[in-house]
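Okay, here's the structure, questions in a sec.
A, B, C and D label the chains in the order they appear, each numbered from 1.
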């Protein structure tokens, strides 16, 4: 069957996350300007238990992993505020790859401590500070040495690396990307500069350097990295949809409210068409993302490809939509009092954010 | 100095060509449906002497080669009808490469017979019937053998190959593209099927097969093929501008004439914006093309690159503009009574037409 | 409810059958009927007629509900979804030929949606007859395209004979020739003509009338030469004092101060928009798959999963084409799913139409560009698909009209607020 | 006349000089003044002031004609072309800093174009003074953006004192703070305020007034925090019973039934549009060149001349970026060349503005995407240029307003025919 409506449980989750997202929206401008979230905001999101609800009981959670559910929640979070959504979901970067590509032993050992009631900085390092970064051909290497792997390389955009208790570091093992569980303070691991990016100032991200960092072979996630990559593709796509939707809704309200030449801005055909196209592209990407998530959940053969197509669509969609969001507000769109400029800055990054969100 | 106006001589030429282009426009629909130009039409264009006027007296002409002038004339011709423009300009494909890349001896020997008063089918063969055709990496090869070159390969889109007295065949000589003057009826040269394309039905084009065709080494154009390629780039760009301009003007007239919902179609913002954008892209490409032609004429270092940029711009511009030309006419645009659908079919080919026009 | 993308079994089965039809009855003849514009593909028509009779389908319009077996578990309705799939795959075969599939098309659909039981009996039975039979819808006029309020065709009741007397000229009638001309091979068809019964009343006075083939005063005047979809005829029909029985009017014969009847007609258009979208997507998918096959033959691999910066230009194009085709299709599926589930889908329906109108031309044109000299040649069907695809952006409301509809629904504006 | 693209020598020399300024006085400080939004780059300002004084330029506005030497051959005028080049390269350096270059900017330009000789003398001499001095133009109001007919600021003549009394609130005033605040480092500036002297008269009643810094009742109320061009201040200015001498009105003090005065102001906008375009193109070129340098460092070659199908995705992007930047620039050049040669350029001027508004955001955003994690980082200026570039699509008429202007000129429609 085809069906295009969240089930009851998902709808309840959407409603709850959506209420929380209002808090995020309210805090977003100041968070961006001061590069800090207000106390307790991220924690409050964590306590909603979105991640916990997608981890089986045996690993300490209280539900089953569903990419579709994750996608629905991610859109709502990003509708509030992208960096805060990423902050709340940072522990996902550690937990879900283990769930998707880890061994039974790894799951039992590493997942339960993370998904306790308190948000803790467990994170992951994928992106590298190089031209033509490719997650499937990493420059960071891991070389087997006896019972250990020795990891060397440079990473960037690692959320909360400074406070992380543990993280997954992705490295190239004979041409294949593999994740390794690395404890904070491992010898040879240096957390570097805080990244200063075009947006998401409150989401603290860092450079990372690894010089012959040694981890036991049992810390290697032996599963298929493509499953992790696909979970990142649909996650980012969902977040992009949330950001784009925020921008469209704001632009609609503005355009229906503001008068120009005797009519509302929205009554101008050119403006109305812009918004119609924004809505169409959002819906298009959302459909691709839902289908990809459903394929991941049902283990369809071409699920990874679908996830990739969704992400590809999302990158272009979010740029188009958030740019127009600013444009529809005209001069006001350029002022930081209105959030559309922030969403445009958010939107510009999705081509780069691979691995920053996993659902 | 910057200056954006044709000189007096050029303006006279533009005016003359523009009058002739009206004949082309009138004949175009029937020519396309019957796949034949009316008797004398192409000849009449030839007699205007556009090519002759750009060949120095010493080679039988009565003027100096100017890429800028060629570009101005080409736009006007294509404003009338693209296939007829290409037919009139087919001898260019033989003469101009010799002028641009041939030796003194070749110029004196081969150019004068072509540029007599009568249009004769001298042509050239560049395009190959393969996937990923690249004029700078031809599959057709020419191998030196004693005082001769031996040419083998397949060509397609060769205008008037069946009637041609002589043609230039481009082939790969040790990785470099070079032109060879090949007489009709050379042993091993077979003119194949007439090409049936999406448009330009009246411009007869053929497949060509060369099996060990032997030509003396003195028939090889030793100059830089990039000069020929650049002359094709600006030529095609100019033709694309002409086709696009035709489509825009037709759409403007239609939209200003036809009523819908109580106003003229052109008074609808969305329609007006479409036409504004068409005009802008036409003007953008025209400026790039003029500049490139001027750089070719003044032998600027980056002239070839400029010509390439102009062609790149033209390919996308002409597709956008001619598609919108159809769209603005709505249902009427889909009917072959209106020329916009023909221009759209013309437009679709520019990515493929490399070497079909040289100015 | 839940979120699910599994093709229902009956649809998958139908897809399989129609794929065979497309492969064997359409594709091999596509080029011929494109090059010979006004010839009629009787083999396809007869085959489809027999096939549909055999399957009990009779018409491509959504079927009336079967009597339910109380012992069987109730299944969610999938009529529109089925239809969208059928149209998509037949257009993947050949849009022009699909458009003259016998069974009544939009004409029969109009009777089915607005006719009385008696009218349905009288006019629709013929599609299950011995010979393939056609019906067509006549809406557009030379001065009334997107702006349907300007329709000038009129119907006057001759109270003496109790007949409607119709006058007017209709253009762009799809399959109008087949509906009106009695070929040896075909049964008696009809056209459904939109006309006003009260020119003062504006849209409130608009009605549709069934006009049978053979009615004196009705003439096919002109068969258009078109850019694409040439296997289907597009004609001008002139009505000159054409008389039809009183009971051939669909809907009320009196004029009230309401445009309900007309809005009903427009709602029919809303319902058909995702179906038109599906047709456009079928063509686009044909082009995409053709390119993928050719690239595979040439040994060109598309490396999914790679960042865009590391792709080749062709890889990027093919990936973008896939995104376009798939997303347009999913938006369309959602629109028909909503229709099946009686959810208001005006926004989604027009979205799907706009998307398909964009995607068809873009994808087919990209396909041509990628295949270079071969793509532009009439040796392959690619260039034809490009010509066929463009119609999706034009008929049943141009891309611009449908953008207006999307915008109105999105912004909550009436027609008067956003023109 | 002929077709020629050779940069005139005086312009090439000026380019050379300003490139040095951009390299040394702008680029090294770009990041600092972006991160410290309301700090003022006095070093740049003082340098430019001294440099312009030394060169006798004094103002970036087109110069009055020099006395001609009858022995010298007459040269075609290149004032606007010069200006476009200057603005392009200074914006290549830093658009925000360029916008607060002393010399009066749009405010001084208004006096120069609409003022009497006396007014010019009185108000423009200061820009050649000891200290850098600023002027600003106040047009936009909270409820009057693109729709300038809705301006509510008003000026009433106090016949007793023969002073104009101004009231109103102006927003989005570029460099308004520098024009009104008397910094230690700066001379006395002024603002030019658009206000109505007859609210009943609509546009015919609009006039502009010179309001000197220090005038009681004039206040800078709010400095905006912006997406980009942060080195320049954008402020709200409130006028509360601000009194200026009678002779500070630019243009006639009586209202006739004509909008000539206002149209004059709009024509000024037409003249400045290609200059604004030039600024946007400067930023885009900065981003393009940055990417080209980085790619060269990485050993990535761009193979010009190859068919698109054989390119990599990055090659294609870079080539498209070059096409965009160069064509936008040439369209702009043509518009200023027409202005210099007193050819009507309303169409070309608005075209150039639309193009630049499109190209800036597209090129800078593509540059970010190509450079990946590095492109999005504040370590480089790329992300800043993206933020700066967007303003071109917004100020001096949004892309939409300018498309309207293009369309009207193209279609030969008046404002009332195409709204």
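Operating definition for what follows: a residue touches a chain if its C-beta (ideal position, glycine included) is under 8 Å from a C-beta of that chain, and two chains touch if they have at least 3 such contacts.
None of the values given here were measured: they were computed from a predicted structure.
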| note | The chain whose C-alpha centroid lies farthest from that of chain B is chain A
| query | Where are there more C-beta contacts: B-C or B-D? | reply | B-D
| Cα-centroid distance, chain A relative to chain C, in whole angstrom | 41
| query | Which integer distance in Å separates the CA centroid of chain C from that of chain D? | reply | 52
| What are the residue numbers in chain A that touch two or more other chains? | 132-133, 268-270, 273, 351
| Which residues of chain D are in contact with two or more other chains? | 307-310, 369, 372, 400, 403, 419
| Interfacial residue positions of chain C with respect to chain A in the complex | 1-8, 76, 78, 81, 304-310, 319-320, 322-323, 326-328, 330-331, 333-334, 337-338, 347-348, 351, 354-355, 400, 403-404, 406-408, 410-411, 413, 417-419
| query | Across the complex, what residues on chain B touch chain C? | reply | 33, 127-133, 156-157, 195-198, 259-261, 268, 270-271, 319, 323, 326-327, 330-331, 333-337, 341, 344-345, 348-349, 351-352
| message | List the residues on chain D that touch chain A in their complex, please. | response | 140, 143, 145-147, 149, 171-172, 224-228, 234, 294-295, 298, 361, 365, 368-369, 371-379, 383, 386-387, 390-391, 393-395, 398-400, 403, 419
| field | Residue ranges of chain B in contact with chain A within the complex | value | 268-270, 273
| note | chain C partner, complex, touching residues on chain A are 1-7, 10, 68, 132-136, 226, 229, 252, 255-256, 266-267, 269, 272-273, 275-277, 279-280, 283-285, 287-288, 290-291, 293-295, 298, 304-305, 308-309, 312-313, 315, 351, 354
